[in-house]
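Which chain is which? They are A, B, C and D, in the order written, and residues in each are numbered from 1.
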Amino acid sequence: MSPRLRLLLQALPALALGYVVVRMLVGDVGGGTTLLDYLSIGVTQGAIYAFVALGYTMVYGIIRLINFAHGEFFMAGAFAGYFVLRDAGIERWALPQPWPVLLAYLAALLAAALVAGTLALVAEAACYRPIRKAGRVAALLTAVGLSLLLQNLARQWPAIGPTQRPWPAPRMWAAADEVPSPADAHYYELKTFTSPTGERVEREKPVVFKGATMTPAVRQRLAAEGGRNVFRKGELSRTVVDRSIVLMLAAAAVGLWFLVQRTRTGKAMRAVSEDMAAARLMGVNVDRVIAATFFLGAFLAGLGGVAYCAKYGQVDPLTGFMPGLKAFIAAVLGGIGSIPGAVVGGLFLGVSENLFAAEVSTEWKDVLAFVLLVVVLLLKPTGLMGRPYREKV
Amino acid sequence: MLVVEDLVVAYGAVVALHGVSLEAKQGEIVTLIGANGAGKSTTLRAVSGMVAPRRGSVRLDGREVGGVPAHRLVRRGLAHVPEGRRIFTGLSVRENLELGAYTVRGRAEVAARLERVLALFPRLAERIAQSGGTLSGGEQQMLAIGRAMMARPRLLLLDEPSLGLAPLLVREIFREIARINREEGTTILLVEQNAHLALSTAHRGYVLETGRVALADAAPALLESPRVRAAYLGAT
Amino acid sequence: MRRSLRAATVAVLALLGGVATPARAADDPLVVGVVLPMSGDNATFGQESWNGLQIAAKELEGKDPSFAFKLVLSDEQSKREQVAPQTKQLIENNGASIVVGSVASSNTMQAAVVCKEAGIPLLTPASTNDKLTAETEKYGEDVFRVCFKDSFQGTMLGRFAWKTLHAKKAVALVDKGQAYSVGLSEQFTREFTALGGKVETEYYTSADKDYTTLVQKVGGMKPEVILISGYYPQAGPMIKLSKDAWKGVPIIGGDGLDSPDLLPLAGETDAQVYFTSHFVASDEDPVVQGFVKKYQEAYAGADPGAMAALGYDAMYAVYEAAKKARAAAGGGKPTPKQLSAALRGLEFTGVTGKIVIGPDRTPRKAVVIVKASGAFQFFEKIQPE
Amino acid sequence: MWTLAAEFQFSWLWVAEVLVGVALYAMLAASLNLVTGFGGMFSLGHHGFFAVGAYAAGWMASLAASVEPGSAAGWAVFAASAVFAVAASAAAGLLVGLPCLRLRGDYLAIATLAFGEIVRIVIQNTPALGGSLELNVPRLVMRPRGLAEVESFRELFLVVGVAALAVVLVVIRNIVRSAHGRAVVSVREDEIASELLGVPTTRYKVRAFVLGAAFAGLAGWYYAHYTGSIAPANFDMLVGIKILLIVVLGGLGSLTGTVLAAAVLVGLERLLQSGVFGEDLKRWMQVEYALILILVMLLRPHGLLGRFELGDLFRRRARGGRAA
């Protein structure tokens, strides 16, 4: 194959991807059943995989650890976002729409990223650092143990609990007399109950359903209670969510590339990844660089967690398991240890899974990821974007 | 400036150093010679903080540094060029050199040092954008030394700089070492298999045997010592 | 020899745990082992059932003090592999004479296998899969239920789709990992095609949360009705994602959709969702309203779902059977065999209707069709013919 | 009296059940120890071979559903299904081993993990094996009716399990001590050196891998006949991780350690689950289990016994300060 032809072949998928993304951003694909629609669905899903895969790949790259607990950092981030959206009340700020909703989501993303990152820092210092010299099997099992621990702590912790929760849409508050008749959406009020055990339970009670008219009695009661006490849910439309995810991934990938290639910390990360002892001799505080890598990886996973849950509408302690596993596969597909590889692997997996489900079979979809994984491992163990395989002795 | 006293180092149950004492004064080149496994590299590693000593003391400028992690010692003016060079093959020559000045904040300062090191090793300037892995063995050794020099060390530890290099290149490297010592005033602790070359470059030398100092003297005296000549210089 | 070895092992372990074998209660209560999904995917089902069981138990305690029951609850976490060991423990270590549970049919099947070999009757409050009582070779002769079967529910769904919704073409979404999902869609397909309709099937798995492609693909098949054969944790997000793709197409499902979490999971939606169930709180039947009031008092104003009502009825079934068996046994504590015999042909009136356990160990009861838009609304009640 | 849970009563039935679990996991872990501890190959997909064996045995037994339990024919099918299970797993081992063993370290681990998942999903989509519902394994040697018979059934299987475990342990011990075994260990120690000395490393690695798979198949056979009902959910990734955990806990390369670790881990798990330590501890059982796992790894990363310091699985020489 001539180099020019090879370059063309490599550029083609990138061009196709760019085309799909542009069409998505313009907003005319994703809602139908054409190839282009499925491609765009795959790109969105792949972008979420990529978010998580980046963390896997960074941690693997630096200490050769498959961090099975990464999916739980994702879950922790998702829950942080959940609580911010549900309880922070940012959407009550007196700003014109869509600012309150936008700010609520930004706060949720930030909280998610910080919580996930902090959790990763703690986990690294408490579990991974002490065991770094004990061999990789021990480290791997520690990671599995940590994953189980976080999952089950979340299940037992009353604030989170073992069941799945609907993802909260930001509440858009209104006054009783602002509710149109017939209603343009479901409207709710918050009611507090006291259970026999003395627990105070807050429930959203519907006041009027979409298309129905509010009875004057109810309107009067609500007005008597005063103020803006009814709300509807500011759900984001699917296209908004999808586009934001793709844009977020693009921003994160560029930012990460800049950080790793251009900054002092990034250079230290690459140095530690190649040769920890030599990096130490350069004056690099290896522990701190590893901690920073964990933080950064989990930071991205936290963003991915909010994106994922906002898209699929629920969150639970096992939220991180499936995306974590798929992202791990994506990281290996792309070449574990390689940052562009994680993005490419994530997008590749997302697109191929969805095309397969759409055009071949929904029944066998789940085996596809693993078959792809085996095929890539056998043909090109370092992945689609990995460097040539070399044994470090 | 460096004083090592009664240093004991063990890897698990294997004791590598049984109480080594040595000293390097400001501006000196001191060499450690000895057979394979005599503990030369281990001594360097204990000095630079890569291994923690089990007993004994390592003092740098009068302050105890035994057990201080390696990355902190860099700020105290110590640089270690490890055995096998250990350059970062995936990073460019420039990035390798910049990492050498990792502890230095301030772009201007790093740029100035880079210029200086490139003046010392013009061959590296030609290869500045190449990745470290594409360099020849001799160039890699220059890169390793140049990278260490980016930290402006007052004490430079060199571990087997001649390893795997052609004789012509070895001589070039040693000329550079002598020049660094002369022009920058850097104190150098040199571990070397090639005892003849090492002793001709150094001011003083120590002979290590099975983890102990067997002989210590000025380098010219060691070169003349019958024991050294018999054991390490291949003379009859 | 063997006996003493055993005794020694048991004694050592008892010491190890710091617990001696507890003294038997004087009245030797009848132990009812309860295995339910209190956490995990189907947690609202388990929690509601347990709430219902407890309301009934409290009532019975006041009503008939001569009875000594003991409910032992075991959380199977909605995980199939947890059910068998937990059921074993309920029988072997807690001394359960009857097991009540579980909800998802696949899980109940695991419990049934254990109960069959131990010779303990199993009463399921809500598992509707036909095989449970039909495949006696696998699950034994002592599986009972207080709910109807999928052959009834699926048939009613098929008729509803054909007659009420006037649909000719249906797409069924099936989770092959759940016996309930497979069984219900089979029964629906049988009835719907017999009436002249056409059914296509697509698959999903509960491990996956991303149904975008599936939803899009189904939308492209231009169905006139869509059956989500499965449980609410998957159905809710599917409905949410289908907002544009399934515009105007009615969505139907079985009692697996009957959870207070369905609507919050589905989010703001215009979809017309109907499902078959055992009970709905908005039914104006006075028996139903009486139960709703009790439930709201006990659980902070929450409306009971069908699982709560079935749990309540299951506890009453155990009580009625025990009463009957005790009479037959002359007043002593009934054995598992006597309980099983008493459950056959048992008759009483529960909140989900009059329960007559027939020869197929399943009651013949009415099915309620619930319309879910904004809230669960009573739509129609169909009596078995 | 209405209580949430009753006091747990120890019973011989419970003890026997736990011991059966110990025998099963000891078998699985010993077979993985041959692959990982002796052969130096890091496998995360051992549960895949376990599944293959279980389904092979279960499928064969289901063909003989009409055989009278306990009859000569029943015993014959019971024994034959063991041979079939072992053969099927060994074949799967060969199929996976030949292409995958070229991979090293983590890549092999990932490939085996993928294999384990593929096996599970393929079973899920194969109606003849029950799909993702359960496969009923007919009772061939005894069909318990009532608790007393459940007890004798369990005792019978305890004997079968201990016998099967003994066979596995003896065979593995003999292999490890044989010339072949020394070859396998040398492969682990240093592949390049072994190749220079004329040891055909790939062949020995494949042999160790296939044998490990075969023994996992035997464990599968045992499990299928014991539970009488198998489902893909019984063979998920956590099972593979639990097996690996036992191997590491027992010490890589130590068979006695493996059996001890299996006893400790399974026993601990069942004790926590039983609620003898109180209802609170039972509720938090999974948290405790995970905590214990992490603590053991932090405190004894080379196993409970720690007799073998074989942590350096990937032949990365311990250079000072460099993470291995």
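Some points to look at:
Keep this in mind: contacts are C-beta pairs under 8 Å (C-beta built on N, C-alpha and C of every residue); 3 or more make two chains touch, one makes a residue touch a chain.
All figures in this text were calculated on a predicted structure; none of them were measured in a lab.
The chains that touch both chain A and chain C are D.
At the far end from chain C, in terms of centres built from Cα atoms, lies B.
Centre-to-centre, using mean CA coordinates, chain A is 34 Å away from chain D. Per-chain Cα centroids separate chain B from chain D by 52 Å. With each centre defined as the average position of its C-alpha atoms, the distance from chain B to chain C rounds to 75 Å. Residues of chain C in contact with two or more other chains: 176.
Looking at chain A, one finds that residues 155, 275, 277, 280, 363, 366 touch two or more other chains. Annotation for chain D: residues touching 2 or more other chains are 125, 320-321. Interface residues of chain D facing chain A in the complex, by the touch rule stated above, are 36, 42, 99-100, 102-107, 109-111, 114-115, 117-118, 121-122, 125, 241, 244-245, 248, 252, 283-284, 286-287, 289-291, 293-294, 297-298, 301-302, 311-317, 319-324.
By the touch rule above, chain A contacts chain C in their complex via residues 31-33, 37-38, 41-42, 44-45, 155, 161-164, 166, 169, 185-186, 191, 193-196, 199, 201, 203-204, 206, 209-210, 212, 232-233, 235, 238, 308, 311-314, 318-319, 321-322, 354, 357-358, 361-363, 366. Chain B contributes residues 48, 50, 69-72, 74-75, 79-80, 82, 86-91, 95, 98-100, 102-103, 147, 151 to its touches with chain A in the complex. Those residues of chain A whose C-beta lies close enough to touch chain B in the complex are 264, 267-268, 270-271, 274-275, 277-286, 387. In the complex of the two chains, the chain C residues touching chain D come out as 6, 9-10, 13-14, 16-19, 21-22, 25, 29, 31, 54, 57-58, 61, 68-74, 79-81, 84-85, 88-89, 91-95, 106, 109-110, 113, 117-119, 137-138, 176-179, 182.
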